[in-house]
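Going in written order, the chains are labelled A, B, C and D, and every chain counts its residues from 1.
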Amino acid sequence: MAKIKSLDDLRMMKESLQSKINLREKGEDPGSHVQIKVAMATCGIASGAKTVMEFMMEELEKRGIESVITQTGCMGYCFAEPTIEVKLPGKEPVVFGYVDNKKADEIIEKYIKNGELVDGIIPMNYETIE
Amino acid sequence: MSHIKVELKKEQVAKIKDICKSFNNEAGELINVLHKTQESFGYLPAEVQEVIARELNVSVAKVYGVVTFYSFFTMIPKGKHPISICTGTACYVRGAEKVLDEFKRILDVKVGETTPDGKFSLSCLRCVGACGLAPVVMVGEKVYGRVSPDGVKDIIKEYEQ
Amino acid sequence: METIKLTIDNKPVEVPAGTSVYQAAKNLGIDIPVLCYMNLHDLGIENKPAGCRICVVEVEGRRNLAPSCSTTCANGMVVKTHSTRVINARRTVMELILSDHPKDCLTCPKSGNCDLQDMAVKMGVRNIPGQAYAEMSTYKTDFSPSIIRDMDKCIMCRRCETMCNDFQTVGALSGVNRGFSAVVAPAFEQDLEKSPCTYCGQCVAVCPTGALTEVDHTPKVIRALADPTKTVLVQTAPAVRAALGEEFGLEAGTSVTGKMVAALRQIGFDYIFDTDFAADLTIMEEGTELLTRLGKHLSGDKDVKLPILTSCCPGWVGFFEHNYSDMLDVPSTAKSPQQMFGAIAKSYFAEKLGKKREELVVISVMPCLAKKYECQRDEFKVDGNPDVDFSISTRELAHLIKEFNINFNELADEDFDRPMGESTGASVIFGATGGVIEAATRTAYEIHTGKKLEKVDFHELRGMEGIRSATIDFNGLPINIGIAHGLGNARKLLDQVRAGKTNYHAIEIMACPGGCIGGGGQPLHHGDTSVLKARTKAIYSEDTNKVIRKSHENPYIIKLYEEFLGKPMSHKAHELLHTHYFDKSSKDIFI
Amino acid sequence: MAKYKMHVLVCGGTGCKASASDSIIEKFKSELTAKGLDNEVQVILTGCFGFCEKGPIVKVLPDNTFYTQVKPEDVAEIVAEHLVKGRKVNRLLYVDPKSNEHVSDSKHMGFYRKQIRIALRNCGFINPENIDEYIARDGYYAIGKVLKEYTPAQTIDIIKKSGLRGRGGGGFPTGLKWEIASKNAADQKYVVCNADEGDPGAFMDRSVLEGDPHSVLEAMAICGYCIGATKGVIYIRAEYPLAITRLKIAIDQAREYGLLGKDIMGSGFDFDITLRYGAGAFVCGEETSLIHSMEGLRGEPTNKPPFPAESGYLGKPTNVNNVETFASVPVIILKGAEWFASIGTEKSKGTKVFALAGKINNVGLIEVPMGTTLREVIFEIGGGIKNGKKFKAAQTGGPSGGCLTEKHLDTPIDFDNLIAAGSMMGSGGMIVMDEDDCMVSIAKFFLDFTVEESCGKCAPCRIGNKRLYEILERITNGEGTMEELERLRNLSLVIKDTSLCGLGQTSPNPVLSTMDNFYHEYLAHVNDKKCPAGQCKSLMQYVIEPEACVGCTACARNCPVNAITGERKKPHVIDTAICIKCGACIEKCKFNAISIK
């Protein structure tokens, strides 16, 4: 590791290291970020939830959106897997069904960035099985 | 302080000298030297202190004065399994005294003594900082938490064979 | 110099910056009691651990009481030295100290001369609350040949530790243990005999209680005197006469030689002799040794060791045996005057009396505690019979005189007995730092140059400086002389010699401050070093008043050589008057 | 580099380590590898979370799940359920004692709700053995900023304005202390960190050093810059091996990064830190003792002045602060003096860490704003008294402190209020006592400690504390008199008034404070020969109630000293002169006929 020779060096280093603990910092204070829960029970995993989760993590970071992505149990909409729940700061959570990478991209661009609704919302009448 | 007469072997003297040297034979490093030496010998018999005094160029009386000031240093060899009972305040209010009494009773030694077979030595220490587990007993490096007087014999049993 | 203005007990006072409250109060005539505090100003030794807390005072605006000995005056300070709060605190602390102190004042050797006892009297302590169940800190009493350590009586003033370490650099003592069992002791709390102690007795000289006292040989003196089969000889060292008077209320610096002799005669000693006689003899031997070594050195002999070191001080001998075992061949081999006296008394004088050495008891009166140890060293015995049977201190002699109900101050002066009571001015000054080397110079100069000295006084060799040096012109040959008193100073000088950084021909060393006049067996100076100066003055005026002032002119010394010894450094002289030294450094005793 | 989706934080503090947190980590790693998740879930060893009562603690992020009392056997389930399937393991969640509900987010636990973590900000959050994590949390940014933007005087000014006071016990204003040290000119000065936490029952310094060592290093460098010192020394208890190891790692890493050593961040400022070990002497918490100990001497104090700021380590100007004080410094620089000063009370700013222990439900390390009341600490954070017993007293300030009682419950805790209440902040130990604790015995316990730890240099402390102890022993043995009670008070006041150092000046506090607050207990011991709490063995009497005794002889047969006599089927009697109060009879009596009076 190169020595830190100036305050700028330190600043740059901090930025590069930020991601190491970002997950923790945001997790401590999820309310102020976009929170995304990916249903990751057997049904979800079977339908490709894992791929979607990875895609979203990558894309959100690329597009500079502060978000907390967690996995959760089955939301009870196995017919619509993979399902994800998105909660924008200060808004009620919204659940999307049949999410693949393309759908995920649309959710990010329209709903998360601009608050526009997209197709595939499942009415809220479930409770996460914790 | 009573102590045991020991004869140091050449390599033991060399070892002490090495330790002193690693601290540049500086008198100000006496406490660090004593720590390292005790780590290596298990205790600090008079003869060891004499070598250290000579190497650091301080009087033996001064070295002894320092050894007897700090409770961490001992001139008596510890048992194979040193038992320490935390008598910090948190442990005290949660019954450390009764636990200590039980150890004294079963091992038939006083605090600061070693059993005749050299297996156990008993000492008290002030707070290992595991107050959540009070009362705490340490055997060697192992920490036993929430020890009750009844549990004492089981702890001793673990090390008996 | 900056001055500080403050108020003590409603009186304004102005003192130089850095003055302690204790000193400022003293300037005003206010006496604040102290126990642990000790200031040996001339020696540069100040002991102020601020541990006894007896000297506490109230300082306005301060939360707690302040120890006046180590609190520096500040501008505008308002101090109360004897308020109710202070008196209550002082008395309570005193009760505490006494609660951990034995109450055997009746038999304590320090009784009547004890700072703690005085303080208890002053404060009117009548009972010690809770004494019935108060645990006392107890320790094994340590009987060494010179010093008794009864640490049950230690109050942790640390004066002894300061003297042993800071002034003497002997390092025999240290504070050990912690809390209630804290005490000053040698390593491993072993006896002094197993420590590097030199028995210089400076610890005893400053101890405010009975914790450190000399081994009392007065009972042995009385028993010897009471034994009709024994002939009892006493020798008195030069410094004794300059201090003994203090024990009888005489002003420090009063020379009491004649009264002392009269008292000794009244007590019943058979022969009252003078160690000064043996001091003259020492000069003959040591001076000759110096000239011999010097001669060899000048003729290019590389094996000869210079400088030559004096060897009459047993504390100093013990010190170099412990610390300079690599230099054992440097000191003069001449025995100390005490031992020369004993050797001659039990040979030459015994022959004269027609008695066997066992029938003689030789007692010395010394300003010194190390002499007690010296006379029982094995090399100073013949078939187990010591040349000097035992040694008592100036203080013990004073006790004896009082015990024999002698009105000391009213005694008419008397003279020492012959032959071993005759002495010169040179031998008297053995008692002060620089004196031995001055005496040696007087003799060596005349022998070496064959000329008479025009001026006998060598003022360049005198003084209270810890380390001094001077060059004396021996008729064109410059002789470099070094002097040190106090073993800490000796160490500094010796380290230079060991490192080869000096060009001294001769060095005098005395273990005690000011030389023997400040010895560990002298009347207690209670921290007042002006006493030492007064004694020194007395010694030098004694010298001036002597008719003969050079050792080699002592007629009885001349006679001794003619009748018995032959000449200095002869075979017989070697046998009786010279010794050798032992390596007492702790070696690698390990397998 | 693996892109982790989840972090599992495992507490590696001494308390949790004692309960096998090491094997918990091992187990996580092996389970995750077995499930192929080792690249998705990162397992991190952290410093103490504080909630030691419920340790070992495991925290899963980002879903902020706080598992308590985790055993190695539980790990497989956490991995399979939570980490793979996203289902929290309910049985390991904290159960709120009031609502009986599971709480997974620590913020919603009573224990954490009122806490503000400044000194402990990184404890239980970052891996203390990894400097990168500290840097990612703005680590070393404060020293960088100070070196680049502020003069030493400006920096000292920030600390002064923040109102930070020493957390080691005395509460001396830190900025002022630095200023004094900065004004004493010398060729060499020293910054010393006092990490010789000797107060039994306080372990906040250890937690900071174990959980966030870099913050202390950074603060020491800042202090060095302010006072003009290039050398720092941490004086740490040898009894803290884990903290020592982590400090050594931290120092090495900081040197490697150029954050300690020569020319830090191109500023031209040099600063390096070495370690010195304590060896078990409470008195070394006193600055002058500590300095003597650092010099290889007996840790005896010397009279002040001169203060260390004038003549300290090796005779040079030295600034000594404790761990917690230092740990608060970098945040103050980063967030500003105003921010820090906005927390706390008028004269005590910021937060204070307390080690909560004793008869309390939630033992642990807490950090609360100055001014939090004792009630909030004990009943909200601490979860109340164990086993539903009644609160009696809280002892603060350790052996130097005093006790707070019911009447102090609503007093805001800060430096000055504690002193006014007859106690002190000390290093922040807080031991809670319930109705079963005898306050005379508690005073005796603390005196026992002081007697053992007194250095012996000054007479009042060396002898006086021993005498105090003896009187207390007589009182607890039922031998005390009223005259002795009086003496106890006078002796206490004189010891405080005349002792040389802080140890003796405060050692009688537990006596005075218990006498002030529980004088009736003293009187009961002295006059009635009774111990109201039933703790003092000598004052107990075993009595057989004749009405309840059926004369079964079980007690008499089991008495080891034959103190019980009586005919079969008739009530028995205990001879109290013989009875050794072993309790064997009570155990054997099936009729509850034997009681202790």
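Everything below uses one rule, namely that contacts are C-beta pairs under 8 Å (C-beta built on N, C-alpha and C of every residue); 3 or more make two chains touch, one makes a residue touch a chain.
Since we're looking at a predicted model, the values are computed, not measured.
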Mind listing the chains that sit against subunit A and also against subunit D?
none
State which chain is most central when centres are taken as means of Cα atoms.
B
Out of B-C and C-D, which chain pair has the most contact pairs?
C-D
Using Cα averages as centroids, what's the distance between subunit A and subunit B in whole Å?
55
Roughly how far is subunit B from subunit C, centre to centre by C-alpha average, rounded to an integer in Å?
43
Gap in Å, rounded to a whole number, between the CA centres of subunit D and subunit C
54
Return the distance between the CA-based centres of subunit B and subunit D, expressed in whole Å.
23
Shared-interface residues of subunit B (touching two or more other chains) are 58, 62, 65, 69, 71
Which subunit D residues touch at least two other chains?
281, 298, 455
For subunit A, give me the residues that contact two or more of the other chains.
none
Is the way these chains touch best called a line, a ring, a star, complete, or other?
other
Using the touch rule from the top of the page, what pairs of chains touch, sorted by label?
A-D, B-C, B-D, C-D
Sort out for me which residues of subunit C touch subunit B in the complex.
165, 171-178, 185-189, 195-196, 586, 588, 590-591
Please output the residues of subunit C touching subunit D within their complex, sorted ascending.
48-54, 56, 64-65, 67, 70-72, 85, 88-89, 92-93, 96-97, 99-100, 129-130, 133-135, 155-156, 175, 177-182
Spell out the residues on subunit B that touch subunit C in their complex, using ranges where they run on.
1, 3, 7-10, 12-13, 46-47, 49-51, 53-54, 58-65, 68-69, 71
For the complex, give me every residue of subunit D touching subunit B.
13-15, 17-19, 52-55, 198-203, 206-207, 238-240, 276-282, 293-299, 314, 355, 357-359, 363-364, 395, 398, 429, 431, 433, 437, 442, 445-446, 449, 455
Within the complex, which stretch of subunit A touches subunit D?
1, 3-7, 9-11, 13-14, 17-18, 20-21, 23-24, 26-28, 30, 37-42, 53-54, 57-58, 68-73, 129-130
